[in-house]
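Labels run A, B, C and D following the written order; every chain starts at residue 1.
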Amino acid sequence: VGEHSIVGPNRYGKSAVRVFRVDPDGGRVTDLTVDVACTGEFDAVHERGDNSPVLPTDTIKNTVFALAQDRLGHEIERFGEVLATHFLEFPSIDCVAVTIEERPWTPIADHTHAFTATDGERRTARVLAGSAGDRIESGIRGLTVLKTSGSSFVGFPRDRYTTLQEADDRILATELTVEWRYRDPPDDYSALWAAVRAALVDTFAARPSRSAQEQAYLMGDAVLAAQPNIEAVTIGMPNRHHLAVDLNRFGHDDRGIVFQPTTEPYGDIWVTVERG
Amino acid sequence: VGEHSIVGPNRYGKSAVRVFRVDPDGGRVTDLTVDVACTGEFDAVHERGDNSPVLPTDTIKNTVFALAQDRLGHEIERFGEVLATHFLEFPSIDCVAVTIEERPWTPIADHTHAFTATDGERRTARVLAGSAGDRIESGIRGLTVLKTSGSSFVGFPRDRYTTLQEADDRILATELTVEWRYRDPPDDYSALWAAVRAALVDTFAARPSRSAQEQAYLMGDAVLAAQPNIEAVTIGMPNRHHLAVDLNRFGHDDRGIVFQPTTEPYGDIWVTVERG
Amino acid sequence: VGEHSIVGPNRYGKSAVRVFRVDPDGGRVTDLTVDVACTGEFDAVHERGDNSPVLPTDTIKNTVFALAQDRLGHEIERFGEVLATHFLEFPSIDCVAVTIEERPWTPIADHTHAFTATDGERRTARVLAGSAGDRIESGIRGLTVLKTSGSSFVGFPRDRYTTLQEADDRILATELTVEWRYRDPPDDYSALWAAVRAALVDTFAARPSRSAQEQAYLMGDAVLAAQPNIEAVTIGMPNRHHLAVDLNRFGHDDRGIVFQPTTEPYGDIWVTVERG
Amino acid sequence: VGEHSIVGPNRYGKSAVRVFRVDPDGGRVTDLTVDVACTGEFDAVHERGDNSPVLPTDTIKNTVFALAQDRLGHEIERFGEVLATHFLEFPSIDCVAVTIEERPWTPIADHTHAFTATDGERRTARVLAGSAGDRIESGIRGLTVLKTSGSSFVGFPRDRYTTLQEADDRILATELTVEWRYRDPPDDYSALWAAVRAALVDTFAARPSRSAQEQAYLMGDAVLAAQPNIEAVTIGMPNRHHLAVDLNRFGHDDRGIVFQPTTEPYGDIWVTVERG
């Protein structure tokens, strides 16, 4: 026990809880980062190591997932109220601050289950010139797409370290890096760039895949099919995993629509598709 | 002089050269980050401190600015070729790699000189509940806007440390953080959010300002005028300076359309506008 | 099936696998980020959706954890060889590239189980002056400390969403933000700053805690006890969770020394300790 | 003029002012990032576009540089007071908040003018195995060093775009990326790594250079000379420019000890030194 006193500001909670919800009717996903901060009767926690008043921050995280299934609609303000009300029922908690940040996703036209986000997408070019040869490459960095259906991963080999479940239909999310080189330089690089981008996005949305590898190949193949000026295209496709959250263990009837997006680790797929 | 040899990869150049060009006809801006890497006959530079073959990287930077005025069109591939060709004329340089990344800006409808970018924009909410009172705030983070005209800054006081020139018409660029609290909670938070965003963007584009402070106030005022449900709105407006680049010193006829975007330092303006 | 061909570069793997190992003899921890990239006979994966050749990247991750327990010594080169050799045994994999990055941790003097890292630690100050009153605050940002023993968390309440196990002895890792204000301004701010830092680090290492909240309080209490010039100290203590990895499910005898460091979500504790 | 009122919080100022000061007696450098935020009588600025009360944020930046020469000692609290007092003298400013963050630099032993910082330095390794051949590379990322003397850059060619002044003695600052491959694998990778790091740091501090290129070469040469196990070493040396700030234009007697560190653009030098 120390000799000095606890005074406000004094709070604890869970920050950076990422939760992703797929609308069961399709056409919409909700991608949130939630911070929950609680203040209350916590002097004994700090000063005497008495943990009986302190709901674990791990439980706060679980609660965000659990309530997201049925209580998270299209307005983050109302989900914030649901969470705040829930935590206020806990006796030692006097005040709750729930801060929510929503990353917007836009439906891809004509596709119910596919979406794009615009987080720092860039057009790129590389010009190499001189004694080692001349070459022009064009590209896209940060093309962010996600689909909630039309991606499976089954039939892979299993060894003693394999715990992954086979998935008939999973979320596939990525931020593409795409670069291509030319067979013939086009008259209009900008028009070609826009057409390549459209082929990539449309193929991602329209073509089902049995692995991220196949998805990347299908996009590269579509680019070559659509653009005779292009000789080869390289696609970098980090697999931004959205982990299933098991709500059954909380006594909820898990409907398979709540996921935890993760940053690390990530699968990393690179493929080059060449004409011929 | 050392005893060991230089071998490739061996290159030098300038990276992260940010250059911004305003199309004189309006309606378009070009926002690039350029890397130039040179290889060539540089053994004496490394091994004997002979700098006669090494065009300074500062000159490489200057060249990017100088050539941007007249040679930078709408295709970064062609500007890359212009730069590569220019540097290859220098005798010690054998090969050049020019890498360009373009940040896309979208015109704001009905406004010739105003643009938006979508780099990580987020919808936000904060719900406070409990013994200290209940409150709901909504907001936007990362709303990125820029205008090339309709922003002046004159009439400010000058002291011994003031070197800033008065500007009748300058670039104003910012990534807004906006938060508001409610007089009456709306029925539809999402519709209100979209309307607030539209008011912010439209006011930024349509209303000329005499300072970033006035611009921020005008936006806040417009939000309150449009949304009777809102009691007060706070606007954070970092001023992302675009520095003029003097091309006259290079013997070019400076037309005032090439700028250097900077990240630090930045002006930081925060204002709260309240109803009443 | 597409009409175009796969050519190299063509690889897949798992990136950003974070693994943390505690030396059972104490005195040392190993904190790695591992990327594994595989090339091989994968045309059918891309072109025909045949996943039989593709060891899941999730398995690659699991393998890094599994082999870290017994095969990760003090040299990342040798662990890289262990991993590369393991994956090469898989028939479809022709080449493996293992890239490892080690974050160095330094033992805290006289403490077997406590460590510091120096990742961007900063000294800070804030001076407020004018009509609202004058105040000087000093601080530290990014003071990174970790201990592998002397931290428990038991006796917390459980509700339907609580799945956290009680922990008698867990890893506690944090990057502290500390700010203090003065009762009397010191003659030598720098000497005081160094003494505060020493009190924080030593208390973290020496004093066992029953929660992050108690740990933060103990540090604040020690600062006040050591520095009569300080009136109050605020401590921000994000709990950077190191998750246990269950190696028993891989048929290994889990010895409790391999962990997965995580970035998000994190527990966030803030406490102010005041004299009196 | 809008219809709604300005209320606090309402502030403006300059953030992220980076200033670097070299102690004229040597042995110490001070590396700060300063934010200045002012509140006061600014309603007319916001509401009526009257800029007469608003000291430009550009002037705030200049003032930080100007006062750093003679008023910045070793305690950031006192420099904060100097700045706050200065800005409070301006009639429209009621309150000032000065926030300062200091990045610590540590002298390199036995060298008066050379320093290291520890901001995320990492040990790295890459193991390549399989049909394309086996190879082990070791390395360092983020080795941050700076020297205030012993670096010149003169004798370079000049063209119409060259405005850089020749420098007999300038600051050289960098965050090194170093990778090496082996002629013979060592028995002790960790001991070799530590010896390579020492050779790099000591050579940087002890050997004067006539260009960043020569400095990089000298370090690579020293690594090969010290380590017969190493076959070749690659050094990436971004030149983190510290721009001179001309204080004479403010009526100060410029002593050449105040600099502005910059992040972008930066010179980028890569060299591989090979045995033989």
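We adopt the following convention: contacts are C-beta pairs under 8 Å (C-beta built on N, C-alpha and C of every residue); 3 or more make two chains touch, one makes a residue touch a chain.
Everything numeric in this text was worked out from a predicted model, so none of it was measured.
Among the remaining chains, the Cα-based centre furthest from that of subunit A is the centre of D. For the pair subunit C and subunit D, the distance between C-alpha centroids works out to 27 Å. Averaged C-alpha coordinates give centres for subunit A and subunit D that are 35 Å from one another. With each centre defined as the average position of its C-alpha atoms, the distance from subunit A to subunit C rounds to 22 Å. Annotation for subunit C: no residues touch two or more other chains. Because contacts link each chain to exactly two others and close back on themselves, their graph is best described as a ring. The set of touching chain pairs reads A-B, A-C, B-D, C-D, using the touch definition from the header.
By the touch criterion given at the top, residues 2-18, 35, 37, 42, 45-59, 61-63, 66, 90, 153-164, 209-214, 216-218, 220-222, 224-225, 232, 234, 238-239, 249-251, 263-276 of subunit A touch subunit C in their complex.
Interface of subunit D with subunit C (complex): residues 39, 74-78, 80-81, 83-85, 88, 93-104, 118-132, 136, 138, 141, 188-190.
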